[in-house]
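Chains: A, B, C and D, in written order; residue numbering restarts at 1 for each.
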Amino acid sequence: MTQNVAILGASGYTGAELVRLIATHPSMRIVALSGDRKAGMRMGEVFPHLRHLDLPVLQKIEDIDFSAVDLAFCALPHGTSQPVIRDLPSDLKIVDLSADFRLRDPAEYEKWYGKPHVALELQKQAVYGLTEFYRDEIRSARLCAGTGCNAATGQYALRPLIEAGVIDLDDIIIDVKAGVSGAGRSLKENLLHAELSGGTMPYSAGGKHRHLGEFDQEFSKLAGRDVRVMFTPHLMPFNRGILATVYVKGDAAAVHEALAARYADEVFLEVLPFGQVASTRSIAGSNYVHVGVVADRIAGRATVTVALDNLCKGSSGQAMQNANLMLGLEETAGLMLAPVFP
Amino acid sequence: MTQNVAILGASGYTGAELVRLIATHPSMRIVALSGDRKAGMRMGEVFPHLRHLDLPVLQKIEDIDFSAVDLAFCALPHGTSQPVIRDLPSDLKIVDLSADFRLRDPAEYEKWYGKPHVALELQKQAVYGLTEFYRDEIRSARLCAGTGCNAATGQYALRPLIEAGVIDLDDIIIDVKAGVSGAGRSLKENLLHAELSGGTMPYSAGGKHRHLGEFDQEFSKLAGRDVRVMFTPHLMPFNRGILATVYVKGDAAAVHEALAARYADEVFLEVLPFGQVASTRSIAGSNYVHVGVVADRIAGRATVTVALDNLCKGSSGQAMQNANLMLGLEETAGLMLAPVFP
Amino acid sequence: MTQNVAILGASGYTGAELVRLIATHPSMRIVALSGDRKAGMRMGEVFPHLRHLDLPVLQKIEDIDFSAVDLAFCALPHGTSQPVIRDLPSDLKIVDLSADFRLRDPAEYEKWYGKPHVALELQKQAVYGLTEFYRDEIRSARLCAGTGCNAATGQYALRPLIEAGVIDLDDIIIDVKAGVSGAGRSLKENLLHAELSGGTMPYSAGGKHRHLGEFDQEFSKLAGRDVRVMFTPHLMPFNRGILATVYVKGDAAAVHEALAARYADEVFLEVLPFGQVASTRSIAGSNYVHVGVVADRIAGRATVTVALDNLCKGSSGQAMQNANLMLGLEETAGLMLAPVFP
Amino acid sequence: MTQNVAILGASGYTGAELVRLIATHPSMRIVALSGDRKAGMRMGEVFPHLRHLDLPVLQKIEDIDFSAVDLAFCALPHGTSQPVIRDLPSDLKIVDLSADFRLRDPAEYEKWYGKPHVALELQKQAVYGLTEFYRDEIRSARLCAGTGCNAATGQYALRPLIEAGVIDLDDIIIDVKAGVSGAGRSLKENLLHAELSGGTMPYSAGGKHRHLGEFDQEFSKLAGRDVRVMFTPHLMPFNRGILATVYVKGDAAAVHEALAARYADEVFLEVLPFGQVASTRSIAGSNYVHVGVVADRIAGRATVTVALDNLCKGSSGQAMQNANLMLGLEETAGLMLAPVFP
């Protein structure tokens, strides 16, 4: 049976990516699109690559009739989602792509996002959306909080290792190379082609990036003790893809084994043969994740590399996978697209 | 009913693109893959982005059992296709992606490709694969000759204008901006990232590009007289997409009308509102074609812009569309993927 | 003797390029820099690549003491230059990089720039800054008006051909591929890396680009009759460089000869051997211009390609060359930097 | 007085970069160029961006008359330099850009480069070319061995920290992002634009990269004990620039202080204000190095970022700086070019 969905915040990149995925989804139909500043425009005007699709005109959220909507994707900016979702019909299923419901502890939310949470009662209901690790909870959730794209990438490398107890928890370094679409469609000098192309630099270095809140929460919960990682993202001169190079202390073979075992039955997780490395080019445009493990020449050290598409598996693809679960559909529906190369 | 296909020459970019399209095709199954120098390798080793797919190991062509194959895609280099196809079972349907069967006149073939054709009897059977203009012939063809990617782009701009008689046939200029994947996976200095990125230059300027053979053949046939265009392709620092900027003499409104009328019922052809221009970013990764018409300030002159993805609609997507027709499948099967942006 | 210069509008790309050139200029010293919104900042904060240089702090223009300044480069936005220059000391030499003083006819200025000129008396004094064609006038000018970057590129291809009378004046097409730095440091969606990289599209198509005002003025003046060209610029996914592909009717050998003869003694103009094409990669970062001529297979048609660096020879390098002339310095001083490749 | 130099191996990127630097060098003249497979060609044919320069035709090395040559730059592939240099006149000064004379211990050379050294007596004379740390030895050297580009980058971050004793020597991680020109002009699939652009991946992960031989040698010598670092380079979709993100255990303020103190008098080393990060875009095209230090949220941890241009300061610029010293010229001659941005 076809499920009716709405996309709130459809004029950003994650909104467009949801539309792209739904275009070949066998049982999902878009019945409403919102885009506040662009209300009244057709999606093909905002995103010419979607002009061939027959889509509803962009509306203001308050003008949407949610009575026939089965699930709403909420792709609004951080901070905006809280009041919007609070005011939606209480029986509407929601997959939120913002950071607003990721952190369980309101103090942590305030610390990383700089202001108090305004929908705490909702935050309690929210389930963290890293599908492979919260599948059962997501299936029965009303509100699913999508993860940060860097946070997802790092967790795919590290969760199985923490669970298996094969690495030193006090010496974890996550060096991330992040495609620029993760920064959204925002008008900033450092995101201009003239400034960004042809080079790279770190940002939010030194433990300032907000996705650390997710790492802290999830890794500490898994380990049963406080875990703090070093994490430096770098802005990359490409549009799609995140590569995490994760440096750990532990036996490399055990590290590989833990990852291979944990992901053996996961459709979207590909653990490469021992000694191989992940490449963002091999997953771009898809919901797949590549995971590689290399032993270092220094005994007891390993390098784990993880690549995923920040807009797909790191955001809208993950959202779709979770929506499928929440709607009782095949989990992989609409998500089996192969990566685009070259 | 599922159709069994083979891909000959699967280790090149067009081969990989065929696999990508078949990955979500509802009724096509790959039963054989060839790659001479890479025989014995798995596709995931040759193209890591395809490693999640369950595919046959690469074989030598002579080792393939064609008895259970319904159709073979032939993605071999120019010149190689002729003897290979000549030796295939005579009841096997074939979609050839090379240049070997595009030109009807053996003298023209020899002129543009530098050696005599060695399978002239097959060339007679071959149907030119520009789907929207040869659909009926393709449906009943045994051998379909895929077009050149630049040749397709230029023809989408010009065929309806020649048919409608709205432009001067003696003053046509096609300035093409071509993504580098069109050059294939060949090891040449000018295709290295260090040489190609960050700039542009023309190639085969002055009427030397082989796709002119197709322009000459098709435009002259349509016009009922010799038509010769100026055509300069430029090597672009991006991977997918061709933009043709076509300069014509004719009434711009009539030009737009001719294109809009001709493509009104075509699923993959999008004629933009009058005055808008096409962008390669809006079609990359898909089988769609965008066509725009702008009136010049000089009366009686117009600029037509056409964008398509050289690997998809310009090559493997076209091949798939034609294969669907030849196999009696839905023409658009496996091809409704939305473009990937950003 | 060292000449003291000021740069007004130093926080844009052309301002930064002037500073780069002066860094190795043997006899020019920067004594003042203006940047209205960034007044009070050091240049190294605005442009970290210049942080090693010992430069004046950015000021507001009204705070600059011009008494010790020999020449001011004015790199302000179009429209802003007129009132600013009008109020500068009347004995100060000025090289303006904006469009404000390029067009001799006030009606033409208003037509292309949308508002009346407010410093008409100055416009009369201004000399058009295409060095190789206005060298003597520039040497004795007080105010030199830098050309548009596309306008310079097109003129390098066409002026000698019009002068020599070797082409048809009614059938000239200039197809330009322009690096994005030409659009400046402005915050627009289409200039974001995520939107611009990986593809191309035309802009200002159909005779709407402002540099047509310069083509009209200069070509008509040269020809002694009205000349109107077709001109379509394309936004390119690279930062530096313009390639003009110019389609003309005329004998290709005569075309090549006219260009070779005209530029034989010009240091920065390199006419390539007949049959070769220009590449932006071969001139990026330098003040050199490459000019190529290819004969078409259609008799009487030729393709001229011209490549230059829009920020250097197309703007700040040209400004420096003109400033050298106006200050009685060696014309090539500070400009002999070789292109940067790869 | 003008010094006569030869460049052996001038047809590669480092050879071209040397020519670029010499083009504006006040007292160096190129009297011979070698390029074995391209002997007989002009440099402008091999590298069109150098066509405006008046340069000797490429020769075979054995055809060069070294009697009037003061210094030879040897930009040959690894392994080739040894026999070539062995056969050069024994009074000729040589700056070698290959890896052949970097490692003092022949066993280490054989371990990393896979074959025995064939010019051991020369290796004894060779001085390691990291100018800021071997200046005096270089000044009086006959043979200077240029460093690896990654090796230089990592050492600029770490040498002062090891010297000052402010970091834990057993927990050093160097994550490098390396522009593709470092791989040279070699024809490999992974260096093609179509494969490399638009993404990233690590290479030589796990302690396999040859520049580790230099790290081991230099860091151990400095520390007076064995030091082994983890080092993972990543192939970047840009042409020029290396960014090293170095993770260390130590007090961040002390780390910054050690770097600032050590480089206070170095012309090309810019230590950024505490808390800032380096960007490759800020040094590309120049001989400058940017060094940044950020304190981590975890006490006692710091991230050091270093950016330099692999072809300039990481290779040919370093070679020039060393040649200047060896020839008694101003150390910075020809090297004060400002970075090229955007």
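As a working rule, a residue touches a chain if its C-beta (ideal position, glycine included) is under 8 Å from a C-beta of that chain, and two chains touch if they have at least 3 such contacts.
Owing to the predicted nature of the structure, the values given are computational and were not obtained by experimental measurement.
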* Structure fact -> With centres defined as the mean of Cα atoms, the chain at greatest distance from subunit C is chain A
* Structure fact -> If you tally C-beta contacts across A-D and across B-D, the winner is A-D
* Just how far, in Å, is the C-alpha centre of subunit D from the one of subunit A? -> 39
* Just how far, in Å, is the C-alpha centre of subunit D from the one of subunit B? -> 45
* Out of subunit D, which residues touch more than one other chain, so two or more? -> 13, 181, 194-195, 197-198, 237-240, 279, 281, 284, 342
* **In the complex, subunit C residues that touch subunit D** => 13, 16, 19-20, 23-24, 47-53, 181, 198, 239-240, 270, 279, 281-286, 288, 290, 311, 336-342
* Asked: Taking the complex as given, what residues does subunit A use to touch subunit D?
  -> 171, 173, 175, 177, 179, 194-195, 197-203, 205-208, 212, 228, 230, 232, 234, 236-241, 243, 245, 247, 275, 277-281, 284, 294-298, 301, 303, 305, 307, 342
* To do: Please name which positions on subunit D make contact with subunit B in the complex.
  => 13, 180-181, 183, 185, 187-189, 191-198, 237-239
